[in-house]
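Notes to accompany the following structure.
Each chain carries a letter (A, B, C and D) given by its place in the written order, and its residues are counted from 1.
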Amino acid sequence: MTKVELMTQAVAQMREHLTMPEWSVSEKIVLAAHILHSHGHGSGLAGQITARADHSSHFLTQRIGQGLDEIRLSDLLTVDEELRVLKGSGMPNPANRFHAWIYREHPEVTCIIHTHALHVSAWSMLGHPLEIAHMDTCVLFDDISFLPTWPGVPIGDGEGELISKALAGKRALLLAHHGLLTACCSVEEACIVALQIERAAQLQLLASPVGECQKITPELGKEAHDWLLCESRVQATFYYYARKALHEFPSLLM
Amino acid sequence: MTKVELMTQAVAQMREHLTMPEWSVSEKIVLAAHILHSHGHGSGLAGQITARADHSSHFLTQRIGQGLDEIRLSDLLTVDEELRVLKGSGMPNPANRFHAWIYREHPEVTCIIHTHALHVSAWSMLGHPLEIAHMDTCVLFDDISFLPTWPGVPIGDGEGELISKALAGKRALLLAHHGLLTACCSVEEACIVALQIERAAQLQLLASPVGECQKITPELGKEAHDWLLCESRVQATFYYYARKALHEFPSLLM
Amino acid sequence: MTKVELMTQAVAQMREHLTMPEWSVSEKIVLAAHILHSHGHGSGLAGQITARADHSSHFLTQRIGQGLDEIRLSDLLTVDEELRVLKGSGMPNPANRFHAWIYREHPEVTCIIHTHALHVSAWSMLGHPLEIAHMDTCVLFDDISFLPTWPGVPIGDGEGELISKALAGKRALLLAHHGLLTACCSVEEACIVALQIERAAQLQLLASPVGECQKITPELGKEAHDWLLCESRVQATFYYYARKALHEFPSLLM
Amino acid sequence: MTKVELMTQAVAQMREHLTMPEWSVSEKIVLAAHILHSHGHGSGLAGQITARADHSSHFLTQRIGQGLDEIRLSDLLTVDEELRVLKGSGMPNPANRFHAWIYREHPEVTCIIHTHALHVSAWSMLGHPLEIAHMDTCVLFDDISFLPTWPGVPIGDGEGELISKALAGKRALLLAHHGLLTACCSVEEACIVALQIERAAQLQLLASPVGECQKITPELGKEAHDWLLCESRVQATFYYYARKALHEFPSLLM
């Protein structure tokens, strides 16, 4: 069989063999927050994961004052575009404001993750986009934008507009002097892509002081991108990390 | 609403929503010591956290011979400017002597933290001040001094005078060949600022071998500085880390 | 006694003193997977350890969808060269296809380990072979090849052929933009050599930004290589790590 | 008081206030092995800690095949200069041979520690001595030699002679392509100095890719060296780490 035939066959088989529990969006948010925290995405109270509620531009978000590792189902709020609380009690993070801009202008996006992961934060100070030079990080191949301008603390509408535009139809965005953003069609994908941005930044920071990274062939980068992002693979990877989170915190979803 | 209006509104809301238990200064010292230790600030017996006692130049400090992770309420001593023990039993660290100089000459300072955190220690050997090039580390924007001279082990009065002067009205100080210092108006703030110095040093050490860090706009750096240091945010961040410390060591404050 | 006499005597003594439980190949696979994971070789669902079954070109492998830290005896499948399952239930990782090529063309190989360990992944982006400049990493001295071409996701036969050839009679292989491979005559050896590749990459990434690594004398490198790979030493080292894995997960082999 | 007077007073006070349990040499070996392991000095079966037995050139050592974290009192052997076992059962590590050379030629030495700690190993490949540029690492100021030649696996007498000479009256030695060595008058000191060599290497590896480290004033380096190595300070630091080891492994000394 040719490689394309083998890949097609594998994708079909994975769809059959790789299944995941039917978690609700809220449950996936809680799991994703813990997965991100255990991969170095926490930094104090910074870091947000939101998901569109009911196909509107309302969205689910955590209360301010919690670390990613603290979020439980009962901590989730539903807010409108002005961050007014529709369901739940507590105050949303005012730095969530730019999420509203993205949900409004990118109808395909259902989950946004934003963190100040360590290596992404370091890379973000350099003024360069991330280079994608490893097979695993090909989930980002030609699928991550770069916003070289830091508009300051993202509390206002100007920052929302700027960030939303900078996405430019990609799944991911590197924010100079700030952190990472993923805007995807599922919590699982937003989470897995976010993990790979941090991994890509770590790999780049390790390798770059030694020498220049070699480019990968664009066709193979694209092939790997599509392979790694096929839905059953993304779900299987998310499920793996979710099992670990549930093993560490058995009451996570209660 | 303009960004300024949104920020003002958010500060007011945070004051309402973000509350912290009413811990005593001694309790906050114990919590801060554990928070610092869990963020890589421990290095053997080095590292001190002191707090002014009763608006005098007397201060609370730990006994010598303990790591930051060992300090409990019963280990705190009250000492005078000559490090003579007024309350509690044990010997204070003779390297605390320069704290007395700071309390005497900076009446607004109520808490001093000094550690030899790993990345700060590494950066401190290079002879450069820290650059502030990430949103989170803007708590230090235009608010950290640099003492390029190492006066030796800080046991004498000469070192105290030198270090106290080098603060120059800032919240923080980088000590060449030595470590970091924060001198703030609350234990919470001294702790949060100390964490960000180590984070800033780590980010800088990761990024600098790759290339030069891009400068951030001074106005936005100042805006982020004030936003990040608003009292309710500082307390909420301290409270988050304190919850983690208490979760790990439930008898910490007993 | 001369050094050679002392070494010969030591090898004889080690054969007597260093013994290991008589684990089955399946048990060693499970142990090796956990040892690798605890040394930073995990990266999501990537990473495979396989072993030849019954002197044929059939081999044992884990089910797709599991991390290295999850593999238990009941998860192992026996597959043929086309990855068809002969024993056990589940789907093998389609990226295992190149293992079949190696088993077919290298009859002495009985175990293959392939991981995307962090430092190896970073080094693999640079386009250079690994330099062996430390005594411990001499297990790789003149015994690791480099495949500078990345053929894309290794699902097809072309990749299998390329990787199998690139081994060129060595125990180990560095795969550009991808990871590491060991192909050895025992699970223990494949595991120990894999650990040293990651260690070598980490050492190199730490040292290279400072300056050029000094070469070691080829004769001494070869001497250390043979000393470190003597069977009782390899088994004793594997046994040490296995004890730690079993201590952490007492039910690992149940 | 002058600085010298204050230091003299502090040394006297520390002698009174900083006490340590009266552990036997064997107990201190076990504690030191665990302390070293928890500070990144383990690397497979490499790493040895030995102590002179009864003022002879016989010495205590662990059995081969154990990691630093596994050593218990019942695992210690007494061996003679030819590594023949006088007390206990098991085989000593043949790479301990050079210890006999040091005990014979340096009568003041009562404890030797040798490890392949990660950062020391990386630095050891560069061909440079360690620079001492931080207050804490001044325990090594003018007190660490460098052996730029790697004589191969240290099983023979040639290596013993070479290493013993390279010490040159210092407490510590950096071995090219290999690791670190401390040869001191107590287990506590050998352990504390070993920890600082690894710390010094880590600091240097972090800082050097950014720029050149600034030199410290020799007089102040010497002053800090003597201050940090005063016996009660060394014991208090060892005791701190020992408490942590005993807290983690309460049955360590049983």
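The working rule: a contact is a pair of C-beta atoms (placed from the backbone, for glycine too) under 8 Å apart; a residue touches a chain by one contact, two chains touch by 3 or more.
Worth saying up front: this structure is predicted, and the values here are computed from it rather than measured.
Novice: In terms of CA centroid distance, which chain is the most far removed from subunit D?
Specialist: Relative to subunit D, the chain with the farthest C-alpha centre is A.
Novice: Could you work out the angle of the rotation that brings the CA atoms of subunit C onto the matching CA atoms of subunit D, rounded to the nearest 5 degrees?
Specialist: Angle of the fitting rotation, subunit C to subunit D: 90 degrees.
Novice: Centroid of subunit A to centroid of subunit C, CA atoms only: how many Å?
Specialist: The computed centroid separation for subunit A versus subunit C comes out at 32 Å.
Novice: Nearest whole angstrom, what separates the Cα centre of subunit B from the Cα centre of subunit C?
Specialist: Comparing mean C-alpha positions, subunit C is 46 Å from subunit B.
Novice: Subunit B: which residues touch two or more other chains?
Specialist: 209 - these are the residues of subunit B that touch more than one other chain.
Novice: What is the shape of the graph in which nodes denote protein chains and edges denote touching chain pairs (line, ring, star, complete, other)?
Specialist: ring
Novice: What chain-chain pairs meet the touch criterion?
Specialist: Taking the chains two at a time, the touching pairs are A-B, A-C, B-D, C-D.
Novice: Give every residue of subunit C touching subunit D within the complex, in rising order.
Specialist: Per the stated touch rule, the residues are 2-3, 6-7, 9-10, 13-14, 16-18, 133-136, 192, 195, 199, 202-203, 206-207, 209-214, 216-217, 220, 223-224, 227-228, 233, 236-237, 239-241, 243-244.
Novice: Report the residues of subunit C in contact with subunit A in the complex, numbered from low to high.
Specialist: Residues 43-46, 63-67, 69-70, 90-91, 94, 97, 116, 118-119, 121-128, 150-153, 155-159, 176-179, 204-205, 208-209 of subunit C touch subunit A in their complex.
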